[in-house]
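Chain naming follows the written order as A, B and C, and within any one chain the residues start at number 1.
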Amino acid sequence: MTAPNSTAGIFPLDKQGLLEAYRTMRTIRDFEERLHAEFAKGDIPGFVHLYAGEEAAGTGIMMHLNEKDRIASTHRGHGHCIGKGVDPKGMMAEIYGKVSGSCRGKGGSMHIADLSKGMMGANGILGAGAPLVCGAALAAKFRGDGGVAISFVGDGGSNQGTFLESLNLAAVWNLPAIFVVENNGYAESTSRDYAVAVDSFVDRAAGFGLPGVTVDGLDFFAVYEAAGEIIRRAREGGGPALLECKMIRMYGHFEGDQQTYRGKGEIDDIRANKDCLKLFSERVVEAGVIQRAELAAIDRDIGAEIEEAVVFAKAAPLPTARDLTTDVYVNY
Amino acid sequence: MARKISMRQAINEALDQEMARDPSVFIMGEDIVGGAGGMGEIDAWGGVLGVTKGLNAKHPGRLLDTPLSESAYIGAAVGAAACGMRPVAELMFLDFMGVCFDQIFNQAAKFRYMFGGKAETPVVIRAMVGAGFRAAAQHSQMLTPLFTHIPGLKVVCPSNAYDAKGLLIQSIRDNDPVIFCEHKNLYGAEADVPAESYAIPFGEANIVRDGKHATIITYGMMVHRAMDAAAALAKQGVECEVIDLRTLSPIDWDTVIDSAERTGHVVCVDEAHPRCSIAADVSAMITQECFKALKGPIQMVTAPHTPVPFSPVLEDLYIPSADAIAKAVARSRSH
Amino acid sequence: MSDQRIVPIVMPKWGLSMKEGKVTGWLMEDGSRINPGDAILEVETDKIAGAVEAHDGGVLRRRVGEPDTVYPVKSLLGVIADPSVPEEEIDQFVAAYVTPSAEDDAEEQGPKYEFIETSAGTLRYAKRGAGDDTVVLIHGFGGDLDGWLFNIDVLGEAATVYALDLPGHGQSTKRLDNPGLDTMTAALSEFMATVGIDSAHLVGHSMGGAIAMHMAADDPDKVDSLTLICPAGLGREIGGYVDAFVAAQGRKDLKPVLEQLFADKSLVSRQLVDDVLKYKRLDGVEPLLKDLAAALFGGQVQQDQPGARLAAGEAPPTLVIWGRQDEIIPATHAQNLPGAKVVVFDDAGHMVYMERASDVNALIKQHIGG
């Protein structure tokens, strides 16, 4: 007999899991949309690259990880940070350049890290995370703790030598490393089809002797299931793999990008038909597993949480001259 | 107890003892074991110049031969260090930094600062440096200044077997990323080295010869050239203090400035190219800190602003000589 | 050198590792009258500076060694001769002088160091001479047998001399189980038994003096006589040296600590500081010294008073030598051992056996009856 609200046979997660997935994706979305608004006001220094629209991929993968597992992110790292459990208040303060930020205001949007959560950093250098993840996977292998390490790279960054060398190294050493290609169709303004010669990233994986899977990155469930299989295999000593998530970014490469390279109507189509959060909500509500009101309650919680993060970040103290020269070395 | 061993053996011993002491230490690099996956002998090489020979048998599974893939494995060393391991990655020739520099200067060097002091990256990158091996332009450079420029990195360049062991042990125990530069022409040089483990702290220059008339400041292979010059000058009654910097980042400014103030004549010797070199850096700092104590212009003796040539005739001309150092001392003293 | 009327002054060999020395200056003019024991010229090695003293009397006829010049050991530095010897003969002697090679020297001396296994680990020692009497030299806290460089060869002329590195010191195993006077004395006892010494004239410096007294009190049959040089164990006061020595991490903070050892601070050469640092930096040495310091001198008080126990019983013939300017252990402690012969040198500190080496050597030779 099936209990009320059972997800069995419909979804790979129980109701609690589904609500958690929604909460994470909604947190990322609200965080990014709020940044979009605040950036336009001119209060946020530097570059900000938003993950809005790509939440299903990061969340679907991260839900399989524990704190021992490690990830290395990209310049578009806010979603990965939130998915890996980094505190949004600290992140927001970091993006505002405040001393209460995750990195004491010294890293900014492109360098948010929390090693205690296994988040090895967003990264301003494209493709740089892949070798680092080989090292994290090697450490896990030395310790025999069953940990896995996941490198995120965009379709653009996947052309870097570091990424390709890392596929080989991970394969040669049979590391518990997973390479996620977040293919959102554009490297800055250059389309994936122009810059990547192969039709599928799975072909690239094959060239290095790795299994590869391509999934619809807008479909949380597709990502969740594919990632689950790959991660389980890596944990059990089965070695590295590549996961391509085909996805869409809702905003420009960075905030301020006029996106003139996009086709006519492309953005409207994304908003209307390709919003991964909307797709997720419709699926779980239509299946009768979750009520709209339950999602709305989460929306209200998250809205308050992000508001609190922004208030905190704006009120947080700025670094002082003293902070300029600290934290360069452990000792020198 | 101490006995005479070569710098090659001293480095091998430091690696051996630290691996025995700390299970988080492991070594990776190209051919550091040698023969991996082949039909012949395993442990065939022990590195191209035999520095890691024999370690694989003592520490099975903890020496990883890598593909020829510096950016991947140097980056992996950095990543493993950020995850609590203490990797020692051998880059073979420091000249190969060109294909993995991002992993060193944008990743390892910056983690601690970018992450607000919350990261530790205790990675050691060992690499051969220096000319005199007839290895030409891409295997002979003294690229130390490129690394000392980068905040977050520590840079070490020992001149003898005793220092090599103690500084490498300190490098492995140190919680910051360290570039450990081994002069390939010093591998065979022997010195009294204790069999016990010991660490030499960073930022402590060694005064290898006392003198009151001039100060020669240098590091690595050039320490030996400076000592030859000092011996020749002593015959003429000129006593030179010779300072071996040992670590180039940090630098022991106290010892440097103190000596410059005492002698008033300074010669900075560097096997690197002249522009933005260690010699230029030290010269500038002395001028800023104790200009009034100087009795003559600071002299720099460096390699020329050329790539390292192949022909032995040219390479010998390229490397700063004891004679050039002695002449530089005389030039300063002629003022 | 068959001509006994002409006596060469040569670069001395102070200690086992000395290969050359630098003449830093002459203390006597040409033509000066020289008496045995006079300081003639000053020499500096990479370890220490000292004066070359005359073994024979005569007139300083020729100063060969140039100031600020380095000479190998046994090089001719000067000539002493009777005024009756003609100048030409001095010229001929100087021209004909051949410095013995270092290899010949090594063969003469046998191995520099030997090692034995004991329950306290490997112990290093040196052995000199072949006399009937046996002398054992025992260094102080943080020291080693190389500290006897001005003494061991001279004493070796009169006796069979052993100098050892105590456990945890020098090149002996860096391990100390239950650090304290009992275990140090037990290690000395085991050392003597292992190398075949039934009894010996013990010469102990500082902590080594306390060890020697401890053995004399507990095991009098093993001790022929005692020479106590600025010994611990004769009173409670002790300066801050030990803790500062343990705490010092680099050249700059160690040098002023080592300067406490000498009346003449210039004797603390850069090389001496470097050698001590090399020892202190060995893994395990710092905690070992910390433990030993706590056991022997915790709270800056000498915890053991073997002198009092020795005074209560029947002490062997005892010579106490002190430097008046000792900054570590006050020279007034010399009075705390009734019946001992006491010699205090005004112009010396804790390292009186280095600063007044030839006087101390002569006193020891006399004391052991050599």
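Throughout what follows, a contact is a pair of C-beta atoms (placed from the backbone, for glycine too) under 8 Å apart; a residue touches a chain by one contact, two chains touch by 3 or more.
Note that the structure is predicted; figures quoted are calculated from it, not measured.
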Two chains joined by the most C-beta pairs in contact, as defined above: A-B
Chain whose Cα mean lies nearest the overall Cα mean: B
Gap in Å, rounded to a whole number, between the CA centres of chain B and chain A: 40
CA centroid of chain A to CA centroid of chain C, Å: 71
Per-residue overlap in chain A, given as positions that touch at least 2 other chains: none
Contact set on chain B toward chain C in their complex: 1-2, 162, 166, 194, 196-201, 204, 206-207, 210, 234, 237, 239, 254
Chain B-touching residues of chain C, taken from the complex the two chains share: 68, 70, 115, 122, 124, 171, 174, 249-252, 270, 274, 278, 281-284
In the complex with chain A, residue positions of chain B that touch it: 24, 26, 64, 66-67, 69, 71-85, 87, 99, 102-103, 106-107, 110-120, 151-152, 154, 174-176, 203, 250
In the complex with chain B, residue positions of chain A that touch it: 70, 72, 101-107, 111, 113-116, 120-121, 123-125, 128, 130-136, 138-140, 142, 149, 161-162, 165-166, 168-169, 172-173, 326-332
